[in-house]
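Each remark here refers to the structure printed beneath this line.
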């Protein structure tokens, strides 16, 4: 929430503060009254409600209220941002048929949405996180900058694996959310699979580029991908060759690779808040 | 490992101790030389190697070595127990076809194996863990014991969900491991889905019973299942009915329900070590 | 809980089952009515209550009830086992003095208790877990068994670190729990610090031995310690020596070392349930 | 790292990319050659090195390189940002004296640093995270905005607890890092303890304000604090009063409260990158 909360911070006056407990109640009530057909629409309904329906507190005055007039501010919530995670389930298969009321969690990835509503408009960021994906060949890393601390050998065939997080920004809110989600994920998987990778940076950028080129409603894609290194184990002390068959999947340290792709004709995100709620 | 390790504990004499680093090397080398067609066979190969192939240390003597003759013990590793976890992957689908070298992690569950080889024989425990499964109806909990601290209302329709862990003990080692794994999992899912549940205890027991009845090579099943409570949210303060539609999935506290099913004609596990390596 | 629960498993009859929800309520109520001076005494009170105070259900009959007479069993809860974790807090220091009502979590370790009450008596297992401890010298590992897969060099000076879990079994329940806890921890830390370690096995065993020798009420100690390897980083490619100054703290794989020390004149734990509730 | 990495993203040309593996090597080498007296100074040394010492790659050209001339860019790394976490240890006490070479992890909090060096200057963000702190009284929450979804009762005495994360921005790099860290932490703990809290927002703001007022080198403080709710358990069904003695520490959902305090005469952070590396 954004709004005239200075009195709450400065002197502990809560009269403009809608408690997080109330926000929780609202989330549950809207799950029933509005429903959760898609997390994007549910988030829009919640965000609109907080900005539109909640009456100003008795001492609210406006965003320009300064430290000297904190007792005089007078207005309601000015901006709301809703983040949602969706866990995927699939019907259990029993005797060859999908079961009526039994479900299994499926896959690793979590679908995400971040919806912001404020005086400037409505903004939806779709996304996913923790999509664990690996290619067992078709990945190189060579020709890189070398300095006195460089010991990494070049390679033209390596395992590339990551737990992908991606966020995509929509223009507009009239979107077939489920269809677009499926398509965006399929495009990213396709690019990851079919592009001969010269670096994770390149792979990420082309994943984002393809999404923007093929889905008109998406104007920006941001990707974060830990490079989950798979090192070939040296089996020569035991008289064994190991032509890329046995690897150790290392935990730490790893490189965290990021990419951001913005459509040429798209406005930049006017507010970092759209993508990330945290102050830091 | 079990063996003549008293000198290592009592006086720090490592002459009978095969380092964990060597064990790690062996695991990698066997991944290449033996392969990992199934984790059960791979575990058997490793366990047999440690018990059979490793030469006794210079001071090993036997399992009867007592504190007073620790300098005289003389024999090799007497028992080895290998625990393995297998993470499942599926081929990525690109343009409608399974891709040649790109993979996605699938589902939540982890396949497990625990293989023990010692002088008395070879023992395999198959299993899985973290199979997240939920049924949205077909579960009751009523008629339970009540005392002065009981406030739980009876219910004849609730959500039942868990993250199942199961272990099954085989008789013999000539088993079609992959086929049996798929069948055991399918049976447990079927029973979870189709049995009208009167309690998680009952559901677990019938899951185990069905596995034993339908898979001759399995003689014992042990199940552990946290009761992941889904509480109906009270929406009446907001003028809304909630006939089992909106739930809060609580984290803690929860009941941890366990079941153990042993075939009538099966010997009990001769050694708790078969199922669990830990001392405590 | 142990008791006549066969009907619950076999036919879903809950009449002898005290719900986990009731157990939770009881835990909260006892926190008020009995108090939590020590977790050991609180656990004893809870376990005694479940075994002594809870009235049998209408269909309880006895532990010998078999499958054929599940409708005739008739008796109450026969055994209760309570596991508790205690998180440590210390008073915040403000302007040089301990503050009246502000607290900080202290250290990493968690104090544990496992209390069992059944027809054979009352048993208390004290303990701690996740005590992160490291010695920067005074640790060796040499003279170990070598085979064709051994590549580890011997060392007479290494970092040894672990996240210790320990459980100790008491004889009797008239114990100054807090004082004994502090003493047991201090003894284990002292042995870890002062013993020239020839292996983690040796260190663990001597930690347990010292506890048993110096605290008469403790008759058995079990320790589990992951060997948290700190590898010296090879800085020679950069023209730097690294005489045990820069390490990489590896996550996986690691050796899990265990030790069990039993006083000569002590009875063995009559039931694995005392130390561990899980079936597997 | 920031720099002329467009070719890496667009066409997979790594010639300006210093591998993360090299960065890792450099971190280890500097731990030896520079040392880690404080994480802030160590971070400064690393960041300066990457920006100053690394030779441009053969195809680097400059930050203005656009998509059309990616093959012609020609310059080195333009900005480096180093994030570091420091885990605290204290000497083990053996027989009343601090031991020479044995250490225990202390407390929960992790000290953090984020150091940025680029063409505009050098910036240090100090901080901590996961400082688990609780006050058992001296906290209220009342007078808040109420709407149709509000059910929370007002309270003038509650438990307030959090796992605090804080980041503070320095002006300049000539700072007694360790002394300032200790002082900043002590100030925040003091304010948390002594301010009668009317809301977590107010508490956070006053913690930040006090740091800025008492430490001249710090010009901005950002705090993030999950409101770890402790709910009074209703014991009335069991005939017991519970005047704020027995609580349930809930996991989810919780309110995430944030505050940002900027000195009036301080420039705002010119770049979100200073506080947070992630794109999203």
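A few notes on this one:
Should a chain be cited, it is by its letter among A, B, C and D, assigned in written order, with residues numbered from 1 in that chain.
One rule holds in what follows: a residue touches a chain if its C-beta (ideal position, glycine included) is under 8 Å from a C-beta of that chain, and two chains touch if they have at least 3 such contacts.
Predicted, not measured: the structure shown is a model, and the values here were computed from it.
Where chain B touches chain C, the two copies mostly use the same residue numbers: shared numbers make up over half of all numbers in play.
Relative to the C-alpha centre of chain D, the farthest chain centre belongs to B. A count of C-beta contacts for the chain pairs B-D and C-D puts C-D on top. Work out the mean CA point of chain B and of chain C, and you get 21 Å between them.
Each chain gets a centre from the mean of its Cα atoms; for chain B and chain D, those two points are 39 Å apart. Averaged C-alpha coordinates give centres for chain C and chain D that are 34 Å from one another.
Multi-chain contact residues of chain B (touching two or more other chains) are listed as 25, 29, 149, 151, 237-238.
Residues 148-149, 151, 237-238, 251-252 of chain B touch chain D in their complex. Across the interface of their complex, chain D is touched by residues 5, 8-26, 29, 53-55, 57, 141-147, 149-152, 165, 167, 197-199, 201-202, 204-205, 222-224, 227, 253-256, 258-260, 272, 275-280 of chain A. Those residues of chain D that touch chain C in the shared complex are 25, 28-29, 31-33, 89, 92-95, 99, 101-108, 131-138, 186, 189-190, 192-194, 233, 235, 237-238, 240, 242, 245-246, 248.
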